[in-house]
């Protein structure tokens, strides 16, 4: 029996498989596991200057998921680019960036574009924004539009993916598209709180990830893919080959694996997905959006 | 992270602890390394979602063992895993095993776990060493059983000498090497008493165990470092508590 | 040992325990289980006219949760009030209402207030709004303000709880407060999608509930209780006595139990909570908001 | 919903099905009623979160039994529950057991389950009845084993008569009472062939099992009714498929 075709095309980049590690969930030390599994690699978000990150505790478990508050610990873009070689494992390297201002976003994109090794840039639009008094960028479509437009100008030739938060995802997606994004990563962790009742303290204020959020991410992907023309990368709770298929059927061109990589060998997820395709007699690219309303007739879906 | 099924060799209770040994055909663990473990079962587990970190307590001829306390669901399920568990390869940077003694090994509570394998390796090398184990009370002191000739201290004096493990050990400066594992305040005290080269095994909440999540950091002079990759053993002088 | 004090006061209503069944998750047929457990009862949302609800399938399971799309099936307010006697089991009866227009909301509140038996009215602000082309009411603070103000006028003497969706919860909470709500129920299910990859179809487009969403609900309760003055009722994923404590520590005055009631005897949840209070030497009302920033100094918390 | 721990009496496989019997000290189930069941364990289960509905297959002297097919995680875990399960009391509106025959009992696939107890009650009352059971193939026909003298039909003719259960039963109008359980298309066909008084046990996804969630509705002449309270048995004439 012939192996099913796994490759997909994303914003002009050919990916050998539709799987990508979600930013911040795969260390270079663990890349060994990734060989042959991922269609591209995607390191943790990088900022202009080094960031210490938040004090521990940084992770807590929750039902079918986890809450994290890492605080974007990273060595800053210059050190990051010096060490980028560790990420070159024969597949395209995507780079995730986050600024605290529109200008920082643009500077980062310019710098990464000038380096020339990034096959695509993912804009992490849910980081803190000092310009707007601690609000997140994803707070509204106008902020998203401004950032994406500035990044577009700074990196005119590198595919840009806007990574969106759940809150306001459809409006923000349309804003990113209007501002020139080539694709949309939907979604990031969802704001969450973990409390220790016995110690009577807040354990963690952070973001929820893992299988718990899968139904929310699927819905966000479906709604965004129904409303926007540019490709969507699904992210949130993907744990199995069936999950990969669900996301692609709901409109994702490619799929990111985050927290699941902490508890499973990602090769198992790919193997399950491959088996699914074989049994269904499909190629990966044929799934894309099969459940969406017909092209051309794609309104923003109404509630309930 | 890649987990491997491992056959459980023996599951026994040791006072209030559980001693679980399993066949480990892979690379032998170094003293101070840890593994991520969870019960075997239905592919992916949702409950709990994350695996749990445990120091390797001992290792001999393809059989590794863990010594743990039941705290929540993760450990409760492992305490019933009589046939198979899923376990990662040995992880992290363990103790650097010295070639010359005398060495002091200090453990507090279930923190005694990684000292067993360390003591074995030191003995194999013929390095003279003393083992000091501290517990709240006699009920918890069963964890000392696996050690050849430990000095045991309990806070309430119900077993061994009364006081902390540091009281029991006395002046740590007389040892060429000091190793410790236990609650953070104990580690900090050991660092102060023994100097910057004391090797301390720290414990922080973990997401992945392989460096990917940046969840398990401890503050060091070089900023936050991941205890699962750059640790769990740090020199006292590296830590910036 | 003395039994811990379980009672709390909510918008002038004394509740013997802080537990309330979440609207739509306890049928009159199952009230037998509720005796001595709940501080108030709260039937399924009622609308002006009868509603058929959505065609099956209406429920699907997801990791640590479930997705539902019932579609507010109910017999309409007149028939509802005729049958309300079944709900009178010796504790206050709260009534949940939803309109498709501002006017319908006001009519419902007027009708329920005139009936005189409701100890409080919960406004379900996440139902479809035909006035705004299928958008939900919770879509923005101005819609929330308009509805709450109209209901306030229609039922000036009945305590009004505004039940908010996760999206935009803090802004909507402040709007409801400004418009005269007496309390806030935080939160409802979160928009979700369930896909069947093998059948290649959407199984369900609905709302996610259950333990999966607990960290999101805790965060929403904490943020709302930090920003608003009126009491908050926590709702989302409560399954155990520890969960009840977590919500109350995070700022909830009372706590609703929804999906957990499908899989557990709610009496067990109360017993666990009671044990927690006994072991901690606390009364239920002493938990309220212990983790919140000090009164008076309550900004909307900033991200990360 | 209140779940009670119930000791498993026997767990056996019956062809591709599992027959699980458990001690049930409560009120005896009526034929056609169902229970919500899940493996016993750690208080609340997150995985799966919901319990699963199963028809009561049989009941005798304080022992109830379920006959089920392993489909997903819920049934897979129950199929390993050799000691204890958690189970609700019998739920829903069962078959109304007639006092005069002849009656026809028609089951399709695992839908045969509730007919066992019905057949027992009819026999106890001395009501003459015939049991027709239909399966895709012989491999699935093991579910017929528990019935005294069933007429078995398989679609491929590999066991019993070839054809559907309706083919096997012939003209249903000659029975005073017709009972059926199986896939919806089969139930619809039975309704057409037997008339509006045929009693059909329907199957819909359930959240709670006690009427609370409104999840399990079926379309009827009175609108959507909950199959867990107003059903799972409906008269054919009530349903508006």
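Per-chain residue numbering starts at 1, and chain names A, B, C and D are given in the order in which the chains are listed.
We adopt the following convention: contacts are C-beta pairs under 8 Å (C-beta built on N, C-alpha and C of every residue); 3 or more make two chains touch, one makes a residue touch a chain.
Everything quoted here is computed from the prediction, not taken from an experiment.
*Asks:* Which chain's C-alpha centroid is most distant from that of subunit C?
*Replies:* B
*Asks:* What whole-number Å value describes the gap between the mean CA coordinates of subunit C and subunit D?
*Replies:* The answer is 36 Å.
*Asks:* Compute the distance, rounded to whole Å, between the mean C-alpha positions of subunit B and subunit D.
*Replies:* About 54 Å, centre to centre.
*Asks:* For subunit A and subunit C, let me know how many angstrom lie between their CA-based centres, rounded off.
*Replies:* Centre-to-centre distance between subunit A and subunit C: 32 Å.
*Asks:* Would you give the residues of subunit A that are in contact with at least 2 other chains, written as numbers and ranges?
*Replies:* In subunit A, residues 62-65, 210-211, 239 touch at least two other chains, as defined above.
*Asks:* Touching two or more other chains, which residues of subunit B qualify?
*Replies:* 45-47
*Asks:* Could you tell me which shape the graph of touching chains takes: line, ring, star, complete or other?
*Replies:* complete
*Asks:* Report the residues of subunit C in contact with subunit B in the complex, numbered from low to high.
*Replies:* Where subunit C meets subunit B, its residues are 63-64.
*Asks:* Going by the contact rule set out above, which residues of subunit D touch subunit C in the complex?
*Replies:* The contact residues of subunit D facing subunit C are 1-3, 38, 43-51, 204-219, 223-224, 229.
*Asks:* Of all residues in subunit C, which touch subunit D in the complex?
*Replies:* Touch residues, subunit C against subunit D: 24-27, 29-30, 33, 44, 52-53, 55-66, 68, 70, 73, 210-211, 239-240, 259-265, 268.
*Asks:* Can you tell me which positions in subunit C touch subunit A when the two form their complex?
*Replies:* That would be residues 54, 62-65, 67, 69, 71, 127-128, 133-136, 167-168, 190-195, 197-198, 200-202, 205-206, 208, 210-216, 218-219, 222, 237, 242, 245-246, 249-250, 276, 280, 290-291, 301-304 of subunit C.
*Asks:* So in the complex, the part of subunit B that touches subunit C is made up of which residues?
*Replies:* Interface residues on the subunit B side: 46-47.
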